[in-house]
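Worksheet for the structure shown next.
Every chain is named by a letter (A, B, C and D) in the order it is written, and numbering of its residues begins at 1.
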Amino acid sequence: MNTFGKRFRFTTFGESHGKALGVVVDGVPACIKIDENFIQKEMDKRRPGKSKYETSRKESDKVEILSGVFDGFTTGTSIGMVIFNENQKSKDYSNVKDLFRPGHADFTYFQKYGIRDYRGGGRSSARETSARVAAGAIAKLLLKELNIEVKSGICEIAGIQADIQDFEYSKTSSIYALDSNKENKQKEAIQTAINSHDSVGGVVLIKALNVPAGLGEPMYHKLDGQIASAMMGLNAVKAVEIGDGIQASRSKGSINNDQITSKGFETNHSGGILGGISNGDDIVVKVYFKPTPSIFCEQKTVDINNNDKTYLLKGRHDPCVAIRGSIVCESLLALILADMLLLNMNSKIDYLKNMYSL
Amino acid sequence: MNTFGKRFRFTTFGESHGKALGVVVDGVPACIKIDENFIQKEMDKRRPGKSKYETSRKESDKVEILSGVFDGFTTGTSIGMVIFNENQKSKDYSNVKDLFRPGHADFTYFQKYGIRDYRGGGRSSARETSARVAAGAIAKLLLKELNIEVKSGICEIAGIQADIQDFEYSKTSSIYALDSNKENKQKEAIQTAINSHDSVGGVVLIKALNVPAGLGEPMYHKLDGQIASAMMGLNAVKAVEIGDGIQASRSKGSINNDQITSKGFETNHSGGILGGISNGDDIVVKVYFKPTPSIFCEQKTVDINNNDKTYLLKGRHDPCVAIRGSIVCESLLALILADMLLLNMNSKIDYLKNMYSL
Amino acid sequence: MNTFGKRFRFTTFGESHGKALGVVVDGVPACIKIDENFIQKEMDKRRPGKSKYETSRKESDKVEILSGVFDGFTTGTSIGMVIFNENQKSKDYSNVKDLFRPGHADFTYFQKYGIRDYRGGGRSSARETSARVAAGAIAKLLLKELNIEVKSGICEIAGIQADIQDFEYSKTSSIYALDSNKENKQKEAIQTAINSHDSVGGVVLIKALNVPAGLGEPMYHKLDGQIASAMMGLNAVKAVEIGDGIQASRSKGSINNDQITSKGFETNHSGGILGGISNGDDIVVKVYFKPTPSIFCEQKTVDINNNDKTYLLKGRHDPCVAIRGSIVCESLLALILADMLLLNMNSKIDYLKNMYSL
Amino acid sequence: MNTFGKRFRFTTFGESHGKALGVVVDGVPACIKIDENFIQKEMDKRRPGKSKYETSRKESDKVEILSGVFDGFTTGTSIGMVIFNENQKSKDYSNVKDLFRPGHADFTYFQKYGIRDYRGGGRSSARETSARVAAGAIAKLLLKELNIEVKSGICEIAGIQADIQDFEYSKTSSIYALDSNKENKQKEAIQTAINSHDSVGGVVLIKALNVPAGLGEPMYHKLDGQIASAMMGLNAVKAVEIGDGIQASRSKGSINNDQITSKGFETNHSGGILGGISNGDDIVVKVYFKPTPSIFCEQKTVDINNNDKTYLLKGRHDPCVAIRGSIVCESLLALILADMLLLNMNSKIDYLKNMYSL
């Protein structure tokens, strides 16, 4: 089940240490201008090895478009993109071949399939998300035609929370921090984890601006449901929140209801979504990442024959996956909005009649 | 998009004050014994009007099976079920006809469709979830054949948290409280809200026991992704958490990783899911409900012509939707597990060969 | 898998001799005027027992709309419709309980599911198609908004072919004959079959007029592919042809290519579809029905324990299923066109920009 | 909509003269042995330029597997495959840039998308089918594990029909002729067409042997419905027939019904499918191809501004697309059977219980 979306869809393939990763983006309307530089810049945001807070694996993550674009525009046909792995052969995996790394998907993939590509997690590696960013870049080019913007940043690392949300600052921060006042503390927490061969969790904030009201398909393809599905399905994510989410569950109706006025909603506790449909306000999502399971301390595990073992990981890993994860979250929200925009075109018969000028 | 699931699917229809609600359950394997009493008992758990902590709307929520069951067993064909509304005509809706209730889906449905059944929220009413419970009962009968159990209860109301999780006690509590020591405080909080014409939020805990390892379809139909989608898509839900979720984002890898031993996982921070696939441990989900948007205080709103208005709701409403919502959450998890079990049959070629004894 | 379509979808349930048949139509745009009389008239065309050339089973096939329509218009929510069976208990089935009727689906349903509702074929009965006609009527109301018309008639019975295609005449004929000159011969062939306890096959012609160019979604949801899928999936259908189809395979490119001029195509060998996409010309489809497998001669069969048996059918059956099948074919084409129209709204980015007036 | 199938799915991308064609095969069970030589041999059967009865375009059609296979076995993850185009830049397309070739999809793609890759038909070229053959080879490796075999051959060219069906002979024939006695006449018909700058149509016969009873998912994913959809969706196909199909429509029930005995069906008029489900007999399908629309005679057409033009094609084209099309038909049937086998695993609860040994 490597496909996501109903109309604007993408299907990914590829393993961490295989030949290549790739994605087929399907359902893209024709005549969207494709800026390959923009796509590559999106890739670069997620690309590993940009700072000491990221894995030191080096990959240029160069995307090649194989189809679906002609003379610089989409043609309505499926867009195949491939990212060849460059740095995949550097390691001997004989020591992890028969072991399951705690906190990783090794155990469950083996239980399910009876076979797995154990090199760097194979298919279950977060490296797969590079394909989502490539697809997300196409989605963003669609959103751009409608002036919709999606932004993300780090609002919490190791429990250290941002007080302000400065998305402009975030772009310049090596940890995509939203709050410059908290950035150093957040970095220190990461460094402390690195020093103790450990890892930390974090929280990503995503916002979408200028989203028209009406997006989301009740009952089982709602905007919030799809956001939750996409984000929770992302490696290391264990909770998803829309708007005030958790705090709302401790609030009262009289406080939590966003009052409606002729100038718009007075507050945005709802995170821009009511009944699973966008209300025209900003979409606000928080995504909670667990600490990277890859740590360099000795851990208990079993081998494929269920013998007790101890395990000491070597290699290169992100000490806090939320950081590079933020770009993926942003891409996923773009992909969902693109899908919802296309689906929403079918909501009223008048849209169809207008299309044929009836 | 009124269909949920890939193999074990259900499609619902019906409005709060229409003629009937209904559901078609499709993809149910043949030869499952159908106990109609069990289905009705499931309905009764969600049925309104059982205590003063629920809406006083009276509905018997009697389910009628129209197809798909023969001589007491499923036949592999689609199961149509219908619940006729009995108490739908009791009210004059002229005062809400042109107004959007704050915190409700009225505004967004109108933006999307340009028309809506304004009687009791129409399609966006939580009354639709009765159809999910009917479908969920079929799913539970499938799970029963494999000894899988799904349980739910209230772990928090108005910020008052349960310290213990007693699912047996929960069954006897009129608010499905998991912690008998906190139940009275939770009830008081609800009563206080009722007295002040207000409402409160709450949190539901759901557990699934005896779930085999291997359920979940990477990358985009993962077990946690589907749970998040289903729960977030439920009325009033604004956050979903798997296992330690939010707390995990503030933890370290060395603490959060569940160590693996030959006797199983030492801890269950992961909530039974790794890489989107069940690991054989209990599935643990928390669902955060906002306070019921239906409150009896004066609120600001606009009419369909965007004129500012004030609005004072009359009628019957749950002061805390999490309570009856817990049964729906439980049903949704059962439905997802049934779907995932069927999907997982395709994971290895050996299962297919065994089926044909090759 | 009781759902058909991608955007304009329908899901059916119900057995020949169960309580009811039903359909949920999903993805219908809001604000389409629903004329319940029209829907019932469509049902009446397919309703059994109207002439001696049809089964004598009496059913009023009264459709009840349970949801999705408010104040006479669609609301964008799922439309549930139910048709209660009235004449389902008239027979003792003990003699067919353990036998498989030759040419029917009895054998294959039993092989697949290990259980079946043997009363009148259960789910595999053509009675299920009444639900398709109900759904098709909704589709036709959508098509009407765009002035698209779908017509059908009988072009061949027992090898007796129509030379002219008079769809107006067809409406008045009790066998929906397209050619009044051939009608009597066709009727005689049916009567001869009835007299000899036998049945005959037939061919249905369907045309759609005023279909805009551009409908159909390459590569795997093409207009012709979907038509073929729907028609072939219909009871008793064993071949489907678009345009000149079979004859085209014996022709030459220089003859078969429809020359293009500024006034349109010079010929319509293609049946209005090129590359799986409508070209603006009439859609032309032929559907080949085998003779009704229900015949009143002694036949060889086995019972569920694979013992050889002879079998002599009793009951009421259509001597030529193509006749009433024509209405179902027409409905299916309407359903496909509605789906394709909605899908095609996503083909160009300009349609989306226009919708938001950008 | 570039994805086909429900469980065993494939998604294709690529244009005739773009960088590459590709396919992602998803839903493949783990632990199937992958023989890359076998895959390449399948490709070679469809590869152009093998005889004078085919286009002279030279492509090695070398498939590269990018993911999903590890140590020679499938891992349950998506299998990405790519075929780089080698011979795509040999031509100047300025003369066809603004013209629509009669009988081709040029006109309809332009109507739908407003833009198209006009080089060799772009996405609408039959070159896309090479990706289907690659996917089909994976399906065949699955079928092999169950001893199911799929075969194809040419049973008619230019109206010259095969009297015998010798699939072994077919493999050795440069036009995949089933009847060695008719082969020369069929070749002559092709040569005559070539000489007169014309083309001819043809008919492909496909058979699947050793298919278990029970495959096919009523009501809307039936085995025959899916076959019809796949075949009709193939370039140049205008009719599809199961078993006796067209002839059955002119027959009587007493003749057409396949009598059932304890040793199996006495005849196979049904082509192995009853009620959309396989009955254990051979699956028999006929696919009718129109003559190649690419002919070298002057034709009438219009340009994109609807000006009348004449058009004289140059280039390399198959004089009879049915020949190489036969391999694609065979691949499609393999893909459908693989999908249906996986789907059928969910038909009875006992299969699930057996899997968990309950």
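Going forward, contacts are C-beta pairs under 8 Å (C-beta built on N, C-alpha and C of every residue); 3 or more make two chains touch, one makes a residue touch a chain.
It should be emphasised that the depicted structure is a prediction, and the values quoted were computed from it without experimental measurement.
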| item | value |
| --- | --- |
| Pair sharing more residue contacts (C-beta pairs) when A-C is set against A-D | A-D |
| Chain whose Cα centroid lies at the greatest distance from that of chain A | C |
| Interchain centroid distance [CA atoms averaged], chain A/chain B, Å | 26 |
| Rounded Å distance, chain A centre to chain C centre (Cα mean) | 44 |
| Distance between the centres, which are taken as Cα means, of chain D and chain A, whole angstrom | 37 |
| Numbers and ranges of chain A residues touching at least 2 other chains | 1-3, 12, 27, 30-31, 74, 76-77, 109, 112-114, 123, 218, 347-348, 350 |
| Parts of chain D lying in touch with chain B, wherever the complex brings them together | 7, 27, 29-32, 74, 76-77, 142, 145-147, 212, 218, 341-342, 345-356, 358 |
| Partner chain C, residues of chain D touching it in the complex | 1-4, 6, 12, 100, 102-105, 107-109, 111-114, 123-124, 128, 156, 158-159, 193, 196, 198-203, 213-214, 216-222, 224-233, 235, 237-246, 248-262, 266, 269-271, 273-280, 288-295, 297, 299-302, 306-308, 322, 343-344, 347-348, 350 |
| Chain A residues touching chain D - in the complex, by the definition given at the top | 1-3, 9, 11-15, 18-22, 24, 26-27, 30-31, 64-68, 70-71, 73-80, 82, 109, 112-117, 122-123 |
